[in-house]
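Order of writing sets the chain letters: A, B, C and D. Residues in each chain are counted from 1.
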Amino acid sequence: MHDNIVIIGGGIAGMEAAKALLALGHTPILIESAPTLGGHVGRWHKLFPDLTSARELVARLRSEIVGANIFLGTQVISMNRLADGYSLKLSNGIVINASALLISTGFKLFEADRKEEYGYGVYDRVITNADLEDWFSGADDARIPQQPQTVGFVHCVGSRDLKACNGQCSKVCCATAIKQAIEIKERFPFARVYCFYMDLRLFGKKYEDFYVNAQRDYAVQFIRGRVSEVSETIDGHLQVKAEDTLSGKPLKMQLDLLVLMAGVVRNTAVQELTSMAGLETDSDGFLRSRDNEYAVVESGQPGIFYAGACTGPKTVPETIAEARSAALSIHAYLKTL
Amino acid sequence: MILEGKQRIWSEYQKDIPDDHWYYVRSCIRQNFFPASERMFTHIVKDVLGKDLYETPHHTTCGGIAYHCDTIPQETAMTIVARQFALMTEAGYENYCPSCITSFGNYAEILETWREYPELEARIREDLWKACRREFKKPRYLAHSSDLIFHWRGEIARLAKKRLMDVRTGQPLRIVEHIGCHYAKMFPSKGVGGAEYPYVLAGMVESWGGQVIDYPERRHCCGYGFRQYHVKANRGYSLSNTYKKFESMEPYHPDAIVTNCPGCPYFLDRWQYVIASQTGKTYGENGHGIPVLTYEELAGLVLGYDPWDLGLQLHQVAVEPLLDKMGVEYDPKAKYLGLNKEDLMRPELPTQIKCY
Amino acid sequence: MTDFGFKLSKSSTIDLSRVELDRFEELCRQEPGAKVCIGCGSCTASCPAGRLSGMSVRKVLLGLQRGQKVNDMLQCCMLCGKCTMVCPRGINTRNLILTICRIYD
Amino acid sequence: MTERFNDSFHPFVIPFLAGMAFVITVCLIKAVVVVFQMESGERRRYLLSLLKPNIIVKNIYDIIVDCLLHVRLWKRNRMLGFMHSSIAFGWFMIILLGHIQVLLYCPDRISTFYYPIFFDWFIEGGQHTLISILLDLFLYVILAGIALAIVKRFYSRLFGMRRTTRPTLLNVIGLYSLWAIFPLRFIAEQCARSGNLTLAPWWAYSIALCVFMCVLPFSRYLHIPAEMMLVTMRNAHITISRPGKGIARVQTDSCPNCGVCIDACPMNADPANLKDSTVYLTRQIRRHNDRRVGQISDKCMLCGKCTSVCQVGVDGPKLRILARAARKYNIGPDFSNVRPDVPKSSGKILYFGGCMSQLTPLIGRSIESVLKKSGVEYKWMDRDGGLCCGRPLHTAGRLKEARELVLRNQEAILASGAHTLLVSCPICYREFKERYVLPGISVIHYADFMIELIQSGSIGLKEKSDICYVYHDPCELGRGCGMYETPRRLIAQAAGIAEAPKNRTESVCCGGSLGSLSLDFAHREKITRASLQNLYDSGADAIATACPLCQATFSRYSDRPVKDLAQIIDEQTVAVIDNSRRRETGCDIEGATLAKIGN
């Protein structure tokens, strides 16, 4: 059993960590509850800011971890603390004794229908960022009209919103909205595209360029004001209302398609697992790192490490960096045993 | 519109409504505006459905109007409400049913405030004791009288003499349901169906055979807005909000509007006349307005009562087109005869909107 | 029409679906900087004419985008160029002002 | 010397005569139209000036120096100078000597007009007189000039010109006919002198002359007569006032399309602006292409460099301002209710910082510090913001609106009671000098003021700094107001000084100019970097300038410190005596200094 490393969660964090651990001479065990690897990124079409293919990233990672033991469609059903590690029972009946655990269980997209006023699931032409990515990737979506004339993006759906029980910024939605707005404009050059934002948080490398591009080259319009409510008109359009806070006036308009930028919230599906492992939750609802400044990948429990969005919203490069960092931390930790 | 989406939301906002033993408090103003509504309610609950509904003449206003007009502080309203609860407690009831939406909101707001700030509740108990030597228990259930009709909508449907159908075409009537702002906008969980897609009136309309209309300004206030109407300088604003709603519902050609608030039916009804007088515009067919009914009046029509007994002659907008569609028989000559066939005298009829 | 002593007031809501944007689009063609404004307000804050007349380039640009008639506000521009100097987005505000004055007349 | 034929006429002179008649008629009409278009007062002044003897002398001198000898061009580029003056002066001399020859040897034929042109056809054996030798000499000079012109057309770089204009069809016809005239004349003369009386070269010679003269009024060669007229107008002090009319028209027509302004234009650091030089402006004005005239006018930074290098004195910036003024905008500030809040400053200096200085507060602070050190009493007129001086509106062509602001400021400055208006922004300074009427108030630039303070001993110099500065001449201060040396003298007293390869009248605009209306931020960067490169080439450690706009623009991209003159002087000077003692001793340094400045 010595040196068994179990990675729980096969998104890009888990995959990258597995790859790094393989390179360090370990043979990690990767457990993923879904039937495929890749997590949220695997479902995404393109990544900001360079519009690289998300699928290619996942496929590459997949090809680089063939040496790992991978269990798909598998959950951890129980977990016991041992003297020098953990004993895990999986849903397929296998029991693993592990010296180190890496939690890379990621996040959950906010369920947009909980913002009832936006009418996701009630109005015909309201979709989420994830739905749009699916459509970009080729899936059919009857909610998206043939030739939309006007498309709106609502930022911060379920983020920075105490009424949605998530006061945190989801970090990736502003850039995602801009990315999707540009992609929409590329598909429908004559559509008017509006982004309704509270604040634009474009902190990352080249994000600001991305923003200027959207304005200058794609004429995407940014309206500072949160959409208050959405209704359906008699001809099936959407009527949205917001305050145009820069002019201080109420604003309404009709849209052919509304995209809700569902935020990043903690993954409640792994609540049982984390409580079995005795992991604490931070005030933002995500898992608590040993230290939020310099030990983000370490948990309060010996031998349990974190990577990726299980500790809070992260961009792809941040997640990859954390996964590598966690792999190194695990490697160092195993040497101390 | 995806109906399943709405149904899912409706299913999430269920409300416990006991089937019997209610303590009923009337609205300050409804008996003036719609004289048969509360009478109809007590009649349906007690006589038709055979339930226990208790009333006392000692109850007063809940303080809601004054509170929303910024003329009394909330503590005063709370003490008034505490006395109402004391009357209920003294009568041996614990299910509280106000007829007024603003009262309902006021009670809900006060109960929630007390839950958050128990020390405030303690102070109010003390104040009430000092003021009138009364003590109270908080109601176990709080439901608006429209919640009760919603609760019994199935039984009413079974007893129905008329349905919300156009007897001439067999098509369901298109009904706009308008919910008072204070019903669920403050506490979505306190209302049947929540705040965004309230089901309380929609449920009645569906059960009685009608079709609910969802239009863009469905959520919007009727226009009353308390101080917006009461201060004359603001009255144009009050009117403009009503106008906005009518403009929004106009393309759907509704046959009637049903409401559950004291102010809403009044303003949706009377402002149609003002809008017509100022702009010449009417929203019903052939120069008529859109009839605006309270849910009790609608229940009364469904149960087959005489429209003039329901006080529909006191509406500004003529209800006759709706009665004709529903196949309700009425005597036009008896319209302005009171309960005891006393002549109420004919009002002067407006020129811009068709009335009888 | 009956006088009730009050009447319907005009809605202050901007209905973007009904706003005529042809001229604004022409403005964007002639001065593409119009598209990249982020409403930071440095132009207005540094404007000497604004101090005397209440002129605000930011408000004008936004107003035109919302179909409001606000271009008269630019009447008092002295073309001093301070706004151009401070604009973080590098908008040629002077050309923007002149182009607005030419297109919206 | 004898007449070859009895008949003093031959049909081949007809093309020449027709061309001559045509060109004289058209040019006369054009001249009359121009004079007619002038404002009545100016017209009178102009016509009267043509009669004044001293101006007549000056006109003749200027025409010879500028139009025939091209002295200015010689100074700029000897090859070009030789090329132009050889053709112009040589031709002129051939015409002059040809007439003298006819007057001397067959005076009765002078009335034919064509004898001096075709002398060797009609007269036999005239080739050994002095005049004939001189004529041949000038013809050789011209032929050399034409050879150079041909080389230049195809290898302009040999002449130090990186860029030149692309000629239009009419210009090409004019050019080739001009090139053809003199070799044809040479061949014809040589044939005739050797007794070969073939007609072909004479016909060709005459036709070439005809073609050239017919094309002249519609090609750039119109500059030959126009320039002469421009000289007379300049000497009559006529200024540009209406677009496309009067002197503006003559200036446009005077442009010889030499293209010197293309290389000079700072905007051409970005090849996108190549077609926006003054030479293209005059061309488009002549073609009445209003769209392009508008574009070219709006883009220009009005740095004035094209004018400073122009051989004929086309005032590019003024022509552009006029073109801008011809356009309509719904703009017109009404500040009739605004009274600029000017502090009472009787007997004091009033300092005007200008709008831009608020974004470069170091300039104002340094000036204030120097003023305090010197003990001079002063008030800061627009410390909390004021009305614009009016120059930006003026350069944007909003002449009436600019006038409004000028009047408003003028009134306030006069009311303040100050005796001196101290100005730091060269943009404002130029406007104050050119457009303000401030009787009893001397308008002074702070460079003049500071050098006066140093010379009078009102402030003391510290030990010279070992930093070496290169001084960038701001367009409005240098070419605009003619101040080149004072800032250099100031710097030289305080620190080391170096010169950039292009300086003074040839200084390269920083790219931040308010003059341009349409150049956007992204496209100015190249211009600024090119201007900086010129300054870097001096090898200096730091850049000095005297304009808030240059300061802000350079600071953006410069790899070395950029300082305002005022800042350098403030750093390098000390107070001579402290203010309290000054008051005790009653020493009136202020009065002393100002007396000098006033002179």
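The rule is short, and it goes like this: contacts are C-beta pairs under 8 Å (C-beta built on N, C-alpha and C of every residue); 3 or more make two chains touch, one makes a residue touch a chain.
Model, not experiment: these values are computed from the prediction.
*Asks:* Which chain pair shares more contacting C-beta pairs: A-B, or C-D?
*Replies:* Here the pair linked by more C-beta pairs in contact is C-D.
*Asks:* Centroid of chain A to centroid of chain B, CA atoms only: how many Å?
*Replies:* Each chain reduced to its C-alpha mean, chain A and chain B end up 45 Å apart.
*Asks:* What is the distance, in whole Å, between the centres of chain C and chain D, each centre taken as the mean of its C-alpha atoms?
*Replies:* 38
*Asks:* Suppose each chain is reduced to the average of its Cα coordinates; what separation in Å results between chain B and chain C?
*Replies:* Spacing between the chain centres: roughly 46 Å.
*Asks:* Distance-wise, how many Å sit between the C-alpha centres of chain B and chain D, to the nearest whole number?
*Replies:* Each chain reduced to its C-alpha mean, chain B and chain D end up 84 Å apart.
*Asks:* Mark out which residues of chain B touch at least two other chains, giving numbers and ranges.
*Replies:* Touching at least two other chains: none.
*Asks:* Quick one: which residues in chain D touch 2 or more of the other chains?
*Replies:* Where chain D is concerned, no single residue meets two or more other chains.
*Asks:* Send over the residues of chain A in touch with two or more other chains.
*Replies:* If we look for residues of chain A contacting two or more partner chains, we find none.
*Asks:* Tell me, which pairs of chains are in touch?
*Replies:* Between chains, contact exists in these pairs: A-B, A-C, B-C, C-D.
*Asks:* Within the complex, which stretch of chain C touches chain D?
*Replies:* 33, 46, 48-49, 51-53, 71-72, 74-82, 84-87, 90-92, 94-95, 97-98, 101-102, 104-105
*Asks:* Going by the contact rule set out above, which residues of chain C touch chain B in the complex?
*Replies:* Going through chain C, the ones touching chain B are 1-2, 4-9, 11.
*Asks:* Quick one: in the complex, what on chain D touches chain C?
*Replies:* 298, 327-335, 338, 355-356, 358-359, 385-388, 390, 392-393, 396, 398, 405, 512, 514, 517-522, 549, 552
*Asks:* Can you list the chain C residues touching chain A in their complex?
*Replies:* The touching residues are 12-17, 28, 32, 35-36, 38-39, 58-59, 62-63, 65-66, 68, 89.
*Asks:* Over in the complex, which chain B residues touch chain C? Could you list them?
*Replies:* 232-233, 235-237, 239-240, 243-244, 274-275, 277-280
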